[in-house]
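Here chain A shows up in two complexes: once beside chain B, once beside chain C.
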Partner chain A sequence: MNQERNWRNLWGNSLYLLPGLMLYLLFFLIPAFQNMIFSFYRMDSLTKGVFVGLQNYQSMISDQLFQSALFHALYFMVLYATIPVLLGLIVAIILARARLKGTTLLRCVFFLPYIVTAVAIGITFQWVYSPNNGLLDTVLKFIGLGFLRKVWYGDEATAIHAVGAIGVWMTFGYMMLIFLAGLQRTDESLYEAAKVDGANVWHQFINITIPSLKNDITIAIIFNIINGLRVFGLVMATTRGGPGNSTLVMDQYAIQTAFSQGDLGYGASLTVVITLITLIVSLLVMWIRREES
Partner chain B sequence: MKRFLWIILACLVLVTPTFGAASTKLLVWWMPDTAETLKAAVKTYNEQHPNVNITYEVKTFDDLKTTLRLTLTNNEGPDITQSNQGAQDMGLLVKDGSIIPLDKYYHKYGWNKLFGDALIMPNRFNKDTMKQASGPIFGVSESAEFGLIFYNKDLFAKAGIKETPKTFEEFEADMALLKSKGITPMAYGDSDQCGRGIHWFEILLGNYAPQKRFADLTFDLNNKASYGKVELAAAAKFQEWCKKGYFMDGFLGISSNDAQKMFCAGQAAMYKEGSWGTTDIFKDSKATKISLGMFLLPTKYGITFGAPGPSITIARKCKNPDLAADFLNYLVNDTKYHAQNNELPIAKGDLSMADPAYKELCQLAASTYAKNSIGYYFDWATPTMFNTLNAGLQRLTGQKITPEEFVKMVNDDFAKAHAKAKQ
Partner chain C sequence: MDQYNTISMAEPRSRRIQTKQWWKILAYIFMVLLLITTITPFVSLIFASLKGSIDSVVTNAFTPPHTWEWGNYIEAWVTGRFGIYFFNSLLVAVVVTSLGIILGLLVAYSMVILKVPFNPLWLILFTMGLILPEEAIIIPSYFNLHKLGLINTYWALILPQAALSVAFAALFLRPSLLAIPGDLVDSARIDGCNKLSLVGHVIFPLVKPALSSLVVLFFLGTWNDFTIPLVLTFKDELRTLPLGLYLFQTAHRVNVTLQAAGSVIVALPVIVVYLLFQRTFIEGITEGAIKG
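This part shows the complex of A and B:
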């Protein structure tokens, strides 16, 4: 009787999930599956697709642009997984524990860049990085560091770091929010007990804060690795992959290949690779976390 | 009563204009850049032909790229539409059979005499080889664009340059003189990879190669194109000028839009741009009170980048292609509305509504078309050439690669495209 009622409840509840599931199926799962199929074809917008098996994937091995784009993707993944996470953690701890005035306003200010579109931010930073009296160069000159001035977007040595710095600024606020939520769950009495035992700020950070935020750190890293793989909007609004492909990223290369160059099959295979990288990295981080606990 | 009705019917048939029983409604799809010209032309044409009803919808370039093909294959959408020349756009419409050849109208209306070969070639398409510039003509352009140099007359006077250069050597000497006087010779920005570097490369190649070379490299009809000595010379010259500081400082970190604004603000003596930029440049320089002039870069062969404007095509679904062609002929020949909106017509005609700067532009255009000096756009050559040239030229002008390495990059691109074409 109970089992029958459970089945009836299950069916009833499932009906509520159906609309969302249908949308997910139609606009994500089916296109993603179709995209995967396309990746095994030589397909352009002019001729009928021809099945080529793994040829698109084999082409990647000798494709220098793919190698550059992959390297840049790894750069952004590592950058986003470290600096904004660390910065967000430090700022969250200061805001949570230092009892500063205007904490709420500061939280908003730090979080704001995350919700502003990358295109708007990219256009603003063109003025910041401009070699023609841009804000950064003006400030450097003002504080006597004029010799550090560069053509930030126009120099292959600095372009990717210039874009990366914008990404750090954009995402650390979101990391801060994740850690603030985690800190609110941390028992305050642990810190009091630690103080009584003579633990200083550093000891409290290492022995209380970090262990209590382990799950949040894992989540923050995974989220920001995914953000690091989705820098297309920022790159297009700033350097557009230049100068000389020194900031070309995977998703930009995939879109360029598929739609500007009409090579849909190869473009599809690039997006499959992006998905696989995201999956592998996320699983790796979760596995490391599980091993530690 | 019956007789009366028959008389009325007979009168109606008699007064029905030339386009008779065929449909007299046409829908036009048009891009925003020259929409004002189309609007004026449609209004006048409809007034002159009371039984004709031409309507239009403005579609952005991206809209056309994504919706036009599907719409036409479903027998819906416009009767007349603009389309970008090239395999990926007009080529697909030809392949689908969605647009009709216009060769007979070229003869009927004399467009084959109005346009030189250079302006007709891009509107040809061969369905069998999927190559542009060969085969029947599928479109006509009512405007054209070409590259020229805008200059600041005050800065020229300040440097002691009394007249615009007549030879390539004089142009180089003027740039050196401007630089020595502390004036930035040339405004330039290439951070946004919009093809401004490609335009410079082409305009410099005009000093080393005739128009046929430009056509061969752009259309690659025999799948054998590659860069050689002359392209190497042009690349070396481009790199040399960058090294000498003839282009504004930090140009790789400046966007093309910003470079234009900086020129209009008087921060450089010259600026190279396509004729499409004339309206904005003159508007901005009026605001900053700069006295502007223009000239064609004097090179040995006088070739400049440029092309006929977007192709205007007639859809197969159009029930009255003769009417559509008549309207196209009106558009092509009526220069009045082009003049009013500072848009560059291909035909010569009434420029009475134009301001003096526009008239000067038209004179430069006419001389360019008459000498068949249009060099197209090199990025048309292969699907990846736009990216290859943009990236390569950024590296070349940033002194990161040699001219030889640049030429190799481009030839690798050609080789890949040729190999793919053989598959």
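This part shows the complex of A and C:
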């Protein structure tokens, strides 16, 4: 009976909860709230802070750099939500259904770009985009499209697309894995029944494969949108926000304002915006989950 | 192909096989092109890192080097101080992963099995950790850690990431713990198990697959993280690999072979671990997506 009391001992039980909870509260949740509070202040240094209400947000609206950074954030979110997802979907379906030789090898290789750190990948791609001699330009010349050559990183119009393409290359493998897992869960007998009914490959695709992946598609899109918000490392290793702020991303702008320019308050308000965007996207995930279960 | 023989269909057999073969050839071509696209940057990186003269990298990164200058790696390692960065990345990754998993398991245990009071409250609090991004805490962390005198120490790198990991681990492990039948726990208690040994002998073996997924996710996440080390450390001795590599790139703008060698040094460990533990890796990532 002593054992029983031991098990019901509130304080003893709480000891299991408290360390993790404390760590989490002190170094994550409370700082997150602090961030909101900081955004209402102007902080010139770590000790001086003046309450300025919504001033930071008001200046943000007319801030051209903020507008650029926000626009770029949206660009990456939309790009990441579409092309890598589509590519990953196609690859997953081919690998799962077509029964090619070397599927394991392909699956292994395609996921490789996702696990290497963005900085290393950014460095690697300088040989792809280097003017005239880089891989892209060489290939274009080779297939007779040499007139399409550009100074990829140097041209404001192309720089962000160049970085975006790297992002697609990096994330499609992850999307592929999500869909492969989803496809594995699909019942083979559905396909058998369809074949008996006379369905060809295309019909099977539309009526079985796509519907069974509906949830995975949503999850993949949302996860990659979140990835799209995390392009900071990649941008720093490639264009660093240039040329001329054409690849400036929110993270970089927030860190620049907070630490290089010493305006912690404005930096905090920028990160609040980043947080809000991520929050909205993540809440979407949870809403979908609830529908699922 | 055999399935087609036993099923009656409208099209003549020869046409059916032609269409199917046509699709397959197309698929193969597509896959090979994609494979080339995926591998080429890596190959060019390795070539570039082994070349003797910078010029041949600039003019054509995609031809194999004439001589394999392994010395580049040594030079990069030493000039780039990658030894220190490697150690730091390893230390931080191991500590964050361990803290996150151990504390997260205990938290989940306390919530599910020990049934601590105010369970829904803790659940909500931890869930907020899943939906808030890293960016939300970088500025306040800088502020707080400075006040605590912990800026520019390993704690600056460890604590924020560990805090987030605990929340993720607790929520990730909850379903696995909920799935444990109550009878199992009860019979263990009757057998004289106390709270702690229950965790070790009963719970731990049952959640091992989930734990290995967490190890992969946390390790990879911490290892590749760029933002937190950038913001919270200034001493070179504390930097982690991604940050070290970034600064290395800045310091050696012209010397691309050195940059390449540095990148290989940073990328190789993860790739090797990935290739060795592919199954665990892939399961970890997909589980993280599904349960996260």
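Simple rule for what comes next: the second predicted complex is superposed on the first by the 254 of 293 C-alpha atoms of A that agree within 3 Å, B and C clash if a C-alpha of one lies under 4 Å from a C-alpha of the other, contacts with A are read in each partner's own complex, and residues count from 1 in each chain.
Quick note on the criterion: a contact is a pair of C-beta atoms (placed from the backbone, for glycine too) under 8 Å apart; a residue touches a chain by one contact, two chains touch by 3 or more.
What you see is a predicted model; the values in this text were computed from it and never measured.
Asker: Where does A:214 make contact in the superposed view: on chain B (first), on chain C (second), on both, or on neither?
Answerer: neither
Asker: Looking at A:126, would you say it contacts chain B, chain C, both, or neither? Reply first, second, both or neither.
Answerer: Both: A:126 reaches chain B and chain C.
Asker: A:229 in the overlay: touching chain B, chain C, both, or neither? Say first, second, both or neither.
Answerer: Second partner only.
Asker: Is chain A touched at more residues by chain B or by chain C?
Answerer: Between chain B and chain C, C touches the greater number of residues in chain A.
Asker: Touch check for A:241: first (chain B), second (chain C), both, or neither?
Answerer: In the superposed model, A:241 contacts chain B only, not chain C.
Asker: Have a look at where A:155 lands relative to chain B and chain C in the superposition and call it first, second, both or neither.
Answerer: Touch status of A:155: first partner only.
Asker: Check whether A:260 is in contact with chain B, with chain C, with both or with neither, and answer first, second, both or neither.
Answerer: A:260 contacts chain B only, not chain C.
Asker: Please indicate which partner A:185 is in contact with in the superposed arrangement: first for chain B, second for chain C, both, or neither.
Answerer: After superposition on chain A, A:185 lies in contact with neither partner.
Asker: In the superposed view, which residues of chain A touch chain B and also chain C?
Answerer: Touching chain B and chain C on chain A: residues 46, 126, 130.
Asker: Considering only the defined contacts, which chain A positions touch chain B in the complex?
Answerer: For chain A paired with chain B, touching residues are 42, 45-46, 126, 129-132, 151-156, 239-245, 256, 260-263.
Asker: Considering the complex alone, what residue numbers of chain A touch chain C?
Answerer: Touching chain C: residues 3, 6-7, 10, 12-14, 16-17, 19-21, 23-32, 34-35, 38, 46, 90-91, 94, 98, 100, 106-113, 115-121, 123-128, 130, 133-135, 138, 169, 173-174, 177-178, 180-181, 192, 195-196, 198, 200-201, 219-220, 223, 226, 229-230, 232-233, 236-237, 250-251, 254-255, 258-259, 264, 267-268, 271-272, 274-275, 278-279, 282-283, 286 of chain A.
Asker: List the residues on chain C that touch chain A in their complex, please.
Answerer: 3-4, 7, 9-10, 19-20, 23-24, 27-28, 30-31, 34-35, 37-42, 44-45, 48, 57-62, 99, 103-104, 106-107, 109-111, 114-117, 122, 125-133, 135-144, 146-147, 159-160, 162-164, 166-167, 170, 189, 192, 194-195, 220, 223-224, 226-227, 230-231, 241-243, 245-246, 249, 256, 259-260, 262-264, 266-267, 270-271, 274-275, 278, 281-282, 285-286, 289-290
Asker: Given the complex with chain A, which residues does chain B contribute to the contact?
Answerer: 87-88, 91-92, 95, 130, 190-193, 248-255, 258, 262, 267, 383-384, 386-387, 390-392, 394-395, 398, 400-401, 423
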